[in-house]
Structures are given as C-alpha cells and as structure tokens.
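If you scroll down you'll find the structure; I have some questions about it.
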Amino acid sequence: MSNTPNSPESTAPNAAKPNLLGRVGAWLKGDSNGEAPVSNSSLRTWRRDLESCAKEQGGPVASRARALGLIGQYRAMDAATRLEALRAFATELKPDAQPLEKAYGEYAASLDSAQEWEMETRLREAMVSPRARVIRQVGSAEAGVRFLVDVRAEVLEKLKAMPELKVLDAELAEQLSVWFEVGFLELRRLSWDTPASILEKLMAYEAVHEIHSWADLKNRLDHDRRIYAYFHPRLPGEPLVFVEVALTNDIAGNVQALLDVSAPVFDTKRARAAMFYSISSTQVGLRGISFGNFLIKRVVEDLKRDFPKLAHFSTLSPVPGFAGWLKGATLPPELQQALAVVNSSPDWARDAESTHRLRGALTALVAHYLANVKERSGRPRDPVARFHLGNGARLERINWLADTSVKGLKQAYGLMVNYYYALDDIEVNVEAFDRDGTVAANSRVRRLAELGTRVLEGKPVPALADG
Amino acid sequence: MSNTPNSPESTAPNAAKPNLLGRVGAWLKGDSNGEAPVSNSSLRTWRRDLESCAKEQGGPVASRARALGLIGQYRAMDAATRLEALRAFATELKPDAQPLEKAYGEYAASLDSAQEWEMETRLREAMVSPRARVIRQVGSAEAGVRFLVDVRAEVLEKLKAMPELKVLDAELAEQLSVWFEVGFLELRRLSWDTPASILEKLMAYEAVHEIHSWADLKNRLDHDRRIYAYFHPRLPGEPLVFVEVALTNDIAGNVQALLDVSAPVFDTKRARAAMFYSISSTQVGLRGISFGNFLIKRVVEDLKRDFPKLAHFSTLSPVPGFAGWLKGATLPPELQQALAVVNSSPDWARDAESTHRLRGALTALVAHYLANVKERSGRPRDPVARFHLGNGARLERINWLADTSVKGLKQAYGLMVNYYYALDDIEVNVEAFDRDGTVAANSRVRRLAELGTRVLEGKPVPALADG
Amino acid sequence: MSNTPNSPESTAPNAAKPNLLGRVGAWLKGDSNGEAPVSNSSLRTWRRDLESCAKEQGGPVASRARALGLIGQYRAMDAATRLEALRAFATELKPDAQPLEKAYGEYAASLDSAQEWEMETRLREAMVSPRARVIRQVGSAEAGVRFLVDVRAEVLEKLKAMPELKVLDAELAEQLSVWFEVGFLELRRLSWDTPASILEKLMAYEAVHEIHSWADLKNRLDHDRRIYAYFHPRLPGEPLVFVEVALTNDIAGNVQALLDVSAPVFDTKRARAAMFYSISSTQVGLRGISFGNFLIKRVVEDLKRDFPKLAHFSTLSPVPGFAGWLKGATLPPELQQALAVVNSSPDWARDAESTHRLRGALTALVAHYLANVKERSGRPRDPVARFHLGNGARLERINWLADTSVKGLKQAYGLMVNYYYALDDIEVNVEAFDRDGTVAANSRVRRLAELGTRVLEGKPVPALADG
Amino acid sequence: MSNTPNSPESTAPNAAKPNLLGRVGAWLKGDSNGEAPVSNSSLRTWRRDLESCAKEQGGPVASRARALGLIGQYRAMDAATRLEALRAFATELKPDAQPLEKAYGEYAASLDSAQEWEMETRLREAMVSPRARVIRQVGSAEAGVRFLVDVRAEVLEKLKAMPELKVLDAELAEQLSVWFEVGFLELRRLSWDTPASILEKLMAYEAVHEIHSWADLKNRLDHDRRIYAYFHPRLPGEPLVFVEVALTNDIAGNVQALLDVSAPVFDTKRARAAMFYSISSTQVGLRGISFGNFLIKRVVEDLKRDFPKLAHFSTLSPVPGFAGWLKGATLPPELQQALAVVNSSPDWARDAESTHRLRGALTALVAHYLANVKERSGRPRDPVARFHLGNGARLERINWLADTSVKGLKQAYGLMVNYYYALDDIEVNVEAFDRDGTVAANSRVRRLAELGTRVLEGKPVPALADG
C-alpha cells in the first residue's frame, strides 16, 4: 500500500458517535477497562474456526458460512477477549516458515534463469498467509466488509499497546485497499432529496465545522452550496468521504460568513469561485487508503460542467496543528508574553487591540509552520497541509480571524488558509512534493513564511501585513 | 488463488464471437500470424510508461491517467508487438532482488522473536512488484478492469508459447480474484424484459446447448424456465456466468425434450424439480476464479422461495470428455468393432439395432469414466464432473440418447448425466472430494461404474441395464 | 364526483406552512386584505389568454404554451386581482347557451328513438365548457397540476364570499378527480431512508399528533412503527395522504404511550395488532377526492404480508367535534356545572377527583355523539367518524384520558376512540352506512351510547363504567 | 374531445399481432363469426353487475372489486355475447331523463341570474351517466385501463354495424383522453439496451416500413439512428406511439437507402438533418387522442440538445392515399393508358422508359393531391398529410422512386414526400391550417401542385421536372 498522504481535513472519530452505528458501534466501543477476564472458551472456538476457515474446508460456500460465524463470535466477545482474539488472528495464522524458506531459496537460485518466473510465482503463493485467506472469506460475506473496516479501526487503536498487530493491520489494509479501489467508488451529490439516514451521518461525521442542526444542514445543501460524497457498493448508505463546497464570487476568507444560515442565497449564475470549506473522512478503518484526491478531481469536473464560468477552485481550510506546534516552539519573550495574555482571555478575538498586536506575527508564523515545518518523512507536519499539498494544491492565502469559533481559536488562533487548486499545475506540484517535499506556495505566502522564520529566530522583521 | 475446480459446463470461446465485442474484441482477435515486424517505437513508449506508472509519479490522479494511456497503446499494437509488450510487462517489472533478499534475511532471522511481525510486514512490502502496481493503476481506470480481463485471456492463450508470462498471469489472476470476490457480484434473473443487448450476449456465449434464434431464447425465458446470471459493477451489462433452469415434475433425462420450442408451457404450480440444463462461463480472462458454486447456491435459494414445493435440484449435464477418452482407451475387440461401425454411420442413434447393441456397454463405461478416471491431481478428468462434484453434487443417473444433437453424439455418444444437489449432503461431499478426490454417487451409478471397469478389462459382465 | 365521505383525521391547513411551499405557497397566502386595487391591465391579459387557450388556437402545442403563460400571470397577481381573475374564469367561460339549448331540445325529442345515442353524444359535447378546456390545457403543462390543486384550494377558501365560484370548483374537482384516480397513486412505505425533503413534509403536514422534531419523526419510523403515503406522478415528492401505524400486542388506548420516544422498541415478531394512530390529508385542493379508504386497504394488505400473525386492525382516533358539540348541547345542570369547573382548570386531567367525577358521563356522551349525532345528510357529525364508519370500520372502544395533550383535552376532554376494521365486515358496514347512515358499533359502545342519550335527557342512569 | 387531426403515419392494426397480446389479444380477436348463440345467463350477470357498479354500492373499495369482476366476465364471453354486452353498456346505462329534464329546465331559467352557477353545476351532475361511473370504476382497477383501451378498439370496429355504440365510444374517448393527457406521458429513447419485450413490440407495431428481423431493428438503433416512444404509467411496457429518426447530412429522399442495413454508420458529429422516417401509433383504442404532435416537439428538443449543429428537421413520409385517389379520379386518356400499363407490370419501377414517361405527371399529381384534395371538413384527404400539416409542418419536396418496396409502389407509385418542420413557422402554420385548411408548402411544391391541377384538367403543361 502506498504511503500517499491521505488524511482529509478531518477524520471522524466514529467511536464517539454510537447512536448511528447501532450494534456494530456498541461492540466497537466496548468497555475496554480490561478488568473482565478473558473468555477462554470463546477463544478456543475462535481459534478452531479461524483455522478451518483458513483451510477452506468443505468448499467456498461452506467456508463462507464459517466466516459469518467468526463475525458473530467476535461481536459477542467482551473487550479483553477481543484483544486476545486479535492477537491470535495476527500471530497464529502466519505463513508456514518451512515452505516459505524453500520457495525463497529456489527463487533466489533461479534469478536470471528461465525458471525465475515460475519460482517467483511459487514464492508469491508461499507468502499468502492463512490470515489473508480468512480476511477474504470474511470479506465476501454480506456484512463482512463492514466488519473488517470496523476491526481495522480497532486494530489501529490497539497498535501501540500490542505491536504484533502490525502485521494484521498491514494485511487488512492491503486487502481493503484493493476492494476500495477508486474505480469501485460512486460519486454522489447529496441534496435535501437524499435519504435522511445518510444526511444524519453527515451531521455525525462532520468534524471540521460542526453541523448544529437539520436547519444548518439544509442551509449547506441550498442552491449555492453543494455536498459530494463517495460511496462503495459494499458499505451501502455510508458516505466514505465528503466535501462541502460553497459557490462564491471570490475566494472566501472567513468561514463563519460562509456558513451563515441567515445570509441570502448567492446567485450561482454569477459564481466565479468554488470554495471547498470542509472535507471529512468517515472511516477510521480505511485510514491510509486515499480517496480524497480523486474526490476533489471529480467534484471539480462536475462543478465545471454545471457552472462553466468557475475560474477558481480553492479550499478554506483549518490549520489543526498550529497552536500545538506553537506551544512547543521557542518564541521571543515579548511574543510569548502576548500569547500568554491571549491564551488566558477567551474573548481576545473580539478585542481590537489584542488582534492588532498579534496579527502580523501569527500570520507570518502560520505561513512558516505550513511551508517549513516538516515531519521526519520530509512532509509537512500539519495533516491538512499534507493532504492538500500532496494533492497538488498550493498555499494561496493566510486568513486572519477566519474561524472565530471556540475550536478555530483554540487550534490556530482563528487563522485559516486557502489551498488553491490551479488545474494546470497540479501534476507538477505533486511530483515536486513527492520527490523532495517541495511545498508549492505563491510569492506572498512565501514571503510571509520567511518573515515567520525571522520572527521565530527573534530577528527584527519589517512591518507585517496579513495575507 | 485457490485451486478449486471452477469450470462450468462451458466457457464461451469469446474470441470466436467478435460481433458483440466491438473494438475490444477486434484487437483481442488480432491477426497473430506473427509476420508483421515488432514496432520498436511503440515498445519504447510502452516500457517508459509502464515504469512511470509503476512509480506512481505525479500522484495517484496523474498515474491513473498514465494507466489509461497504457490501455490505448496496447490496443493500437499489432499482435507481434503485443506479445513483446506482455513479455516486458512480465519480466521487466519484477520485484527488486536486493531489497527482497535483505527483507527475507531479516524476516528469517526474526522468526519467533518480537520482531517477526514487523519483519513479515516488511517482507510483504518488498514482495509487491511494479507489475502489481501497474495492474492496480490500470484497474482503477474506467475501462481498466475490462482491459485486464481481456489481457489475461490473451496471456492464457500465449502461456504455452511463452512460459515467462506465467508470473504475469498469476499476478493478474490474484488481483482479479480480489476484485471479482463473490460479495461484489450481483445475481440477476434474466427475463424477456431484460435489455436486448444482454440477451444477445446469452445467445453468443451459450455453448452447451446453442441458442438458435430469438424465438429459441424467448422459449428459454418462458414461465416454466429461468435464466440467472452474475454481474459485476466494473463490467456492466456483461453476464459473467449464467445458468439455465427448467421447472419440471421430475428429473429430466433428455435435453431435446427440455428445449422443445413447441412443447406446452409447464404449469409451475406443480413443479417438483428444477433442472439446471446449462451453465456457461463467459470470460476466459477470469478462468480459475470461482463463481459457479455460489451461483447455484443462490439460484436454489431463489427458486425455493418462489416455488416452495420444489424437492429436487439436479443438472442435466453433458460429458464433454467421454468420447475423447474412449478413443484413447484400450477396449475389448468386439466393442471396438461396434464403435467403429457407429463412428462411421452418422444416423446410428436413430437405428434401433445399433442403439440396442451399445446401450449397456456405453452407459457402464461413462459411469466408469465419471467415477474413476482422474487427472494427475486426483480429481475427475471430465471438466463438468470436476465442477459439479467439486461443488458438492453427486452422480445420480446416466441418461442414454439424452442429447442426440450432432455435438451430443460426437462428444459422448448422446449420453448425459444428472448431477444431483442434495442440499443436506453438499458440505460433506465437498469435504470428501477435497480431501482425497472421493466422488459422490448413488448406488446405481456406483454399480454401473463397476460394470464399466469390468467391460474395460474385457471381463464378462452380467446383462447390462441403463441408468 | 361522488359524495363519499373522505376527510381523513386531519387535513393539513397547508397555507399555514409557508416554509415548505416556497414561491407557490407565497402567492397562495398572499395578503388578501383586499385593500390593494385590482390590476385591470393584468385582468385584460388574463381574459384574452383564457379565451385563446380555450379555443386551442395554433394547435395543442401552442395552446399548452399559452396555458403556461396563464400560470405565470396568476402567480404574479395580488390577492384582489386574483379574486377577479377567478371570477372571470368561472363566469365568462361558461358553455354557450344557444347551442346547448338546441342540443338539449334535439336530445329530449330523440328519447327512445334510434337517434337518442347520437343526440346524447352531441348534448355532451355542447356541455363541455371553455373552462374545462382551459383546465385541461393548464393541467397538461409541467407544473399545471400543482397549479390547479393550489387554485382549487383558493377557490374553496373564497366559496362562501363568492358563490359564483361554485361552478369553477365543480369543474376543477371533476377534472382533478379523474387525474387523481386511485389507479394512478403509488403507495410508498416511508422510512428513515426516505429523502429528507419528503420527511420534512410529514412534519409540516401532520396535524393529528404533531411531530415535534426530527428525533420524534425518527421514532415514528422505527422498527415497530410504519408510515405509508400515497404519491402521484404529477406531484412528485408530495405525500397526498399518509397514515402512521404502530405495531402492538393489543389494541392501544393511549396515544401518549404510543408516541413515547423513550419507550423500548416493540418486538414486531410478537405483533398482534396494527394501530392506525394518525391519518392526514395534505392537499386542501383535493378535498372530496377519496384516497383514504384505499390507503387503509392497501396498508392492511402490506402489513399482513409482512406480519402474518396480525389479527387486529384498528385506529386510535381523535374526536375533533366532541367538545364543540357539547358546548352547544343542553346538558343537565350538575353536568354543566362539573364541566364549567373543568373548563376553567387546565390541570383537571391530572386531578383524580375531577376525572373520577366526569369519566362516566363523558364516556357515555361521546359514544352517543359518535353513534347518534348526525349531519342533515344523515351521516355522523364528527368528520373522523364519518371517514372511518363510511369506510367500513365499527366503533370499538371509547378511551378515557387517551390523549392528554392540550389539543386532546380541548377538543374531546382527552377522549379517543378505536375504530376497528374487521376485514370480513367492511363491505356490509359500508353498504348499511351508505343506505341509511347505519353506524356499526359493538355492543359495549352501543350500550354506552344509550346511556349517553339518557344522560343528555337528564334521565337517571345506572353506574357508568368506561369502555 | 377535440377534433385535432391525430393519425400518425400508421396505426398498427394490432388485432393482427396476436402473439404479443397474449390472453387479452385472444379475446379481442375472438371468432366473431356470429354463429355462436348469445349467452343469456352471462348477460344477466353482466347487466346486474354493471348496475351495482354504477351505483357504487358498498363503497369505492367494493365497487372497484366489482369492476374487476366485469373485466373477467367480458373476457370470458364469446364474440356474439360481447356485442350484446356492449350494447347493454351503451344503451342501458344512460342518464336518467327526468332529473336531467328538471336540471336543464332550472338551468335554462336561471341564465343570467345569480342562480346560474348553481344550476349549471347541477345540470353537469345530472349529465353524468351510469356508464361514465362504470368506466371510472373499471379504469381504476389494476388492469382496467388496458381493458378499456381494448374495449374501445372493439367498439370502434363495431360502430358502423351498431351505431348506438357511438355514445359509449364518446364516453370512453372522453375518459381515456383525460387519463392519457400528455402530461402523464413519459418520453423514452429506445436503444439496444431497452428490454427485449418492448423492442419486440416495435417490430410488431411498425407498419410504415416493416422491421424484418432483430438485425434490422438493431440497425435502426445504431449510433446514427434513434427511436423515441411515449409510455404511460397505466400501460407499462407499451409504446403508445413511436418515431424513428435517422441523422443525415442532408434531407433524405429515398427510404431504402435510409434503411440499408449494410450502409456504413454515419458520423453523427457531422449531422445536419434529422429525418423522421416513420411514426406509428400502436393503440387503436386511443384513436383521436393526440400524442404525435407533442412527440415530435419533444424529440426535436432532445435531438437539438445532443446535436447542436442540426439545422433541418424533416420527415420522409409515405402518401398512403394517393393511388386510391388516383384510381377514382378522371384522368386524361393518355395518362390513364400509361398507368394501366404500369399497373399491370410489377417491375415497371426498374424500367427506365416507364419511369421516365410517368415521372413528371405523377410528381405533379401527388403535389396536387397533397395540397388541394380535401375531406368534407376542409382538411387534406391524405391522413399523413393531415397529421403533419395539422402539426405545423410544410410540404417541402416530392421524391420520385423514393420507396420502391411492393407497398410503396402500390400505395403511391413509389412517391414519398418530405414534410419540413421549420421551428419558427410551426405555430403560424397550425393556426392557418386550423382557421381555413391552408396548406403550407414551399414555392416549388406549390408550382408542382398547380401543374398537377392542369394535368388533371387535361390542360397542356410545361415540361415537368420533379421535386
């Protein structure tokens, strides 16, 4: 599975939305206080059935039935038992070492001979683990894909505590990534005519800019707004990732204005810009499988067909990691002081003096953070930046006091950023980003980022103006 | 990919039906006379794009576009160039030997240590070949799955002549078998209300009992008949495998009677038996990927819901390998002589004396052939027997003069067999068959098979009566 | 148009729900304060186009276009002008008197002769009014049916003030009743998977037991509840009439218990009774066109198929006219006094003494009201009784303190009634009801009704027990 | 019902296509040899149920059930009994004369008084016949509309022999014309993906240019061809009227060339003209109810959206009445002689001399026939001319040897005509046609028509050239 950045602006913490998930959600949450004793009899049955499922005894039809049994067993387990069940799944269904050794030896010996292709094929067969066979059997049952996505979410959660689950995670991810290949995804435009059961999920999953009520949701589906989502045939009724778009006459810099329920409906005939103001992934269990980039591409195509005059495709995005990074950074004393004042006064954003004082420095620092602060892998530390820049967008504009919600102030002092999708530059940007982590940015943001670097170094900076 | 027997009663030789396949069919057929010189410039482009596609340069969106280019290039090639293109695909996109060696070494060293899971995961990653990455990219393009199925059909055709394609075949089969997982298949009952474009394909693909005209087809869709097919979301409008069923009051033993256009429509309220009289796979490129067993199971469920009084589920099946096997067998002289007479008189089946003379011996020999004659793998030599017995059915009855069409006489002297699906025995039968090749048969057929063995050995046999 | 009773338990006062109706609703509501002067130029255009539309000048395609123009003109008018426009529509497009006189004369003279059939045919043609032609032209335009339904709602509202509109009402009703023939209606079961835009309308239209929120609505769509509605191809997305059903283990007698959001979901496998607890018509403009009876029949069929054990089909219905009738009735002094106390104490229903004192008398009086109090036409005065009894149900049980909502207490002192649909008796009941207004009731309700009559007459009554 | 011309180029004689109609067709055909005696007991039941159905006894649900019974009874009758059943339907369910007399009297007396509207309304009610009530009840049953359409076809067939059926025909037509209002019709483009059961009907119904086989049909659905049809929700799967269109680069003048199966597919990107080469109505029972004009309008819109470069919309139409009219006309002797020769030599059309001799005269005569020969009503005598001219088209070109099929030669000596739909002129043409029968024609056809008139009068004519 590729390492492509794939986190949209938010991944819904779906364990926290139990009301929608019904029974599946219930066992997912469990009460993993670890105090209940492990049920050994359940585990015995589980191990026995894992094995016979892996051997495909009794033909595919029968072993599919057995896979169904596994799903039921797992769902009935308590948290402690489930953890042991996952461990068994990961470690006891590994490939057989002897045949693998033999196959590898023969393969290595055959390199550059006529036998190489035969030997490579045999090595591949020897590598197929019993785990993988069980995953396939389970996945081909009616509710099996739903189950595997949920199981992987759980595996990811336990990974730190139980590193041996990594191999199970990798096999699950591999298999899921084939099934969730973008060719299987169906793009749908959601509207007020969409089933309530699906719209309800948007409300539960939207984590960038919370949907407060059905009226708020209806507003986001009005004539000058659009929501698109990807669906998959094996998870019917489940939006895997969705993007919210507003049609405007220019690139927007304030999200509260964009979401204002009382604002008049914009005349879409005059629309020049499409603002992607929220992208949310909904399935933790599909982490690392990239749809978001295709989603944006397909949505852009759909919008261009309906509104041929659209000239700008841009996001208005949060900077979720900024405040956290800033907290850990070494700042010049006066800035540190100013921030301390702000951090302790919840209403600072409405106070002209505070905002005046901080605007220049924070605007520059966020530009620096987005353009220059990297992970060990060489990619931007901010997950949203990683997504859009890896996707071919460029840093276009920093927006001051652009999200004055509690969350917006907390995560980035109200700052937001526009990532701009210049259709002709996307491929070049992606290639440069893939090659050496080059961040695309227009000259204004680049200059701001340089200023930010100086601020951080405590150097004198020219008068700062925002983006 | 498992080794489960999967050939339904016929796989359509679809290269022979060019009218339906349009342009894809056209290049598939090609004129592989091998005389045209290989186009080296085409191959250069092909190699370059294979490589950059495998590297996923420019992000997933861009490399998907490159995959689309590969499809177009391949389609434009002549047969000789295509062969070289396939060779390059198979042999030049192999996994990198050095990292693989390192990964295998670390894995082998880590066995039973805490590092094992991490090392197994890395080994898996090292095993992923550039081929596989290209296959995925191609497959995620709109028409990519169609293309890959067609390419695999071509690879299979060339496998003998160019054994190095085996590794490409295996990787294609692996990938396709995941995408064509039974959970993705949609069962549809076909009727006279089905689009003509789909019905037309049934006519083209049916190879067990040819459909002679639209009127013949309409007859097979009448109230006392049913046709079911599996479809896949990535091959819309393409029946992957289909089964034809007749509702009768008892197990039928003659296919011409079953297919008689002028016979009155049977009152389905009285139906006691469902006769599966034809199963056809349509996609050569999906060979080895088993749908047929699930198809029968699902169809049985559907029929039982609609006709609760159904008590018998049975096939009326051809024995395609019988005459060929008989030709190679050492037979007692008088039998050999009798067969020689028959082989040289096209109308023997209508001659009471000929049929009288042969009935006993041939009936016994076909029972022997089906029950006792095996491949090296230990499974029945007859492909249809392999399919139904591997699927859990039992040999139920041998039918004399059951298919007196030219084809029926030629392949099995007009003999047909009923494979009977006793729902409660299926799993046990499959397990025994998987374990040691045990063939399920009722006592009458078993007795016939023993007589057949004696006939073959030239031993005296008691008076023979048919099944 | 037949005179069959057709008012379900509630007809939504849709003028009061402007938010859903958008522009149509806006002009419908208008501000008919009558102060704005009539626009004479609009009326001139309107009259001219009515006439040319009626004459079908320029062929059907052109006159359809003209009909579309009429819709636009009307929508743009203010209330005063619209009233004049309707008057013109009613009175100026009447049939031509001369030809009608001639046709009638010839018809009358031809009676019992061979010419009678020809003459009747000509008389029918002469009766066709220009009005009717315009109605048809308008109705065949895309949004024309929606328009005509809205216009009729307005005509009905103005009928008292402007009696000459009666003929227009009759012609509209006649035409609409043909288009809304039950054969055109589509029954749909609504669920949480239904488009939000339709569910939102249920919330707006439900007038028997108000739907307070999306959560309340979701509860009414849970596993043990059902909502069914009729839709029409010319009013897409518009539920014309809908019924809410609860599955229970016995006939329910309290609506708050039935609607309790916090009650556990009933296990529908055990369901013995289907309670129809709310039926609402949504289109004022379709008044007098009966769907409700068919709706109940179809819903009963659907429920019986899904839950074969259902034995009872009953409503839990309001008695909307009871309190109003009681107010006008001459009551014995002590009863009058008791009621006066109750009427002035909003919390009486929670006061054991009040309820104890009134229970017997009110229960008997409501039985009397439902069974014996009739309109001049001989049918029950209560509109809900008229609907269900005319539909073949019987009075089954009177329920004390069954609806303690403000509305329930106000309209019927919290009393509700079960109308019971005994499938085998329906036709007999309808016939008796049609013939002479006979009200079907079981013996208990009949006895209660007799007691009620005695109460009203001030006669001594035996101790009263409720139903 | 309006008198608008409505016959498309052909109405399928559906009684002649029994294979498709199944049981309905069977009774429709009947064996009306009139020899079987009338079944009096059947008629007694029929009369009794007609009456109770008309009275709507037992409520709408019950009387709907009774209507269903009527359908069954009628279907079971033999031809002679059916005729009497229709007579009873027509003559015994007439309106009640007394109330009608009273209502008419009161109406006549009320004219210009305030009571007029009330009295007109009552008169309308008195005019509603029991017949009409039965028709409505029957029509609202599931298969009722299908039944009524079939009954009307039968009534039309018997009208001459039994004139008293006229009133029944008129009431059926009135009711059907409301249900089949164009707003209810659904336009569908038919393609090779359309259900075979529908395509089969095209083959059966097409009567202008017979469809010879499935291959011929597939050709008419190829990329450069289109077929559109109107469907109605109450007759599912039944194309009511359909039009076949060919995309060409110019107005076509030969139908065999247009239908040539072996001709290459035309590149539709270059299409400049859409040729409507066949329009067929399929339901005799809907005669007089006009869809054709709307069909053409809607198809033109659809084509313009898909092929914006289309500049010409024209038919290539037969002249079905020409030869018949010519036979009855008084012709100059030499012309009569020439025609006699031609009439007796089946191969004349391939004989250069014959065709040379006749071309000028026949071309002029057909122009005269189309432009000048009228019915008593003042509209063109030729039914196809009546349809297209009444629909706003103009006579554009006469085509010599344009349809050399047996039928084409027989009905019009191989002549065909282009009716041209100039979108901007349609309304003006319709109005002139409606007003005084004015036939729109371009100058060339007008000149030809004048020549034709001279030919007919035996006057000398200038050298004739074709259109």
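When the chains are written out, they are named A, B, C and D in that same order, and each has its own residue count from 1.
The definition used in the following text is that contacts are C-beta pairs under 8 Å (C-beta built on N, C-alpha and C of every residue); 3 or more make two chains touch, one makes a residue touch a chain.
This structure is a prediction, so every number in the text was calculated from the model and none was measured.
Colleague: Which chain maximises the distance between its CA centroid and that of chain D?
Modeller: Between chain D and the rest, the longest centre separation is with A.
Colleague: Between chain B and chain D, what is the gap in Å from one C-alpha centre to the other?
Modeller: 52
Colleague: Taking each chain's centre as its mean C-alpha position, how far apart are chain A and chain D in Å?
Modeller: Their C-alpha centroids are separated by 62 Å.
Colleague: Identify all positions of chain D at which a residue touches two or more other chains, and write them in rising order.
Modeller: none
Colleague: Which two-chain combinations qualify as touching?
Modeller: Applying the touch criterion to every chain pair yields A-B, A-C, B-D, C-D.
Colleague: Using the touch definition from the top, list the residues of chain D that touch chain C in their complex.
Modeller: 2, 4, 56-62, 64, 90-91, 94-95, 97, 101, 104, 108, 111, 114, 116-118, 120-121, 123-125, 127, 136, 139-142, 144-145, 163-167, 170-171, 174-175, 178-179, 181-184, 233-234, 290, 293-294, 297, 390-392, 426-428, 430-431, 434
Colleague: Residues of chain A touching chain C in their complex?
Modeller: 192-197, 199-200, 214, 218, 237
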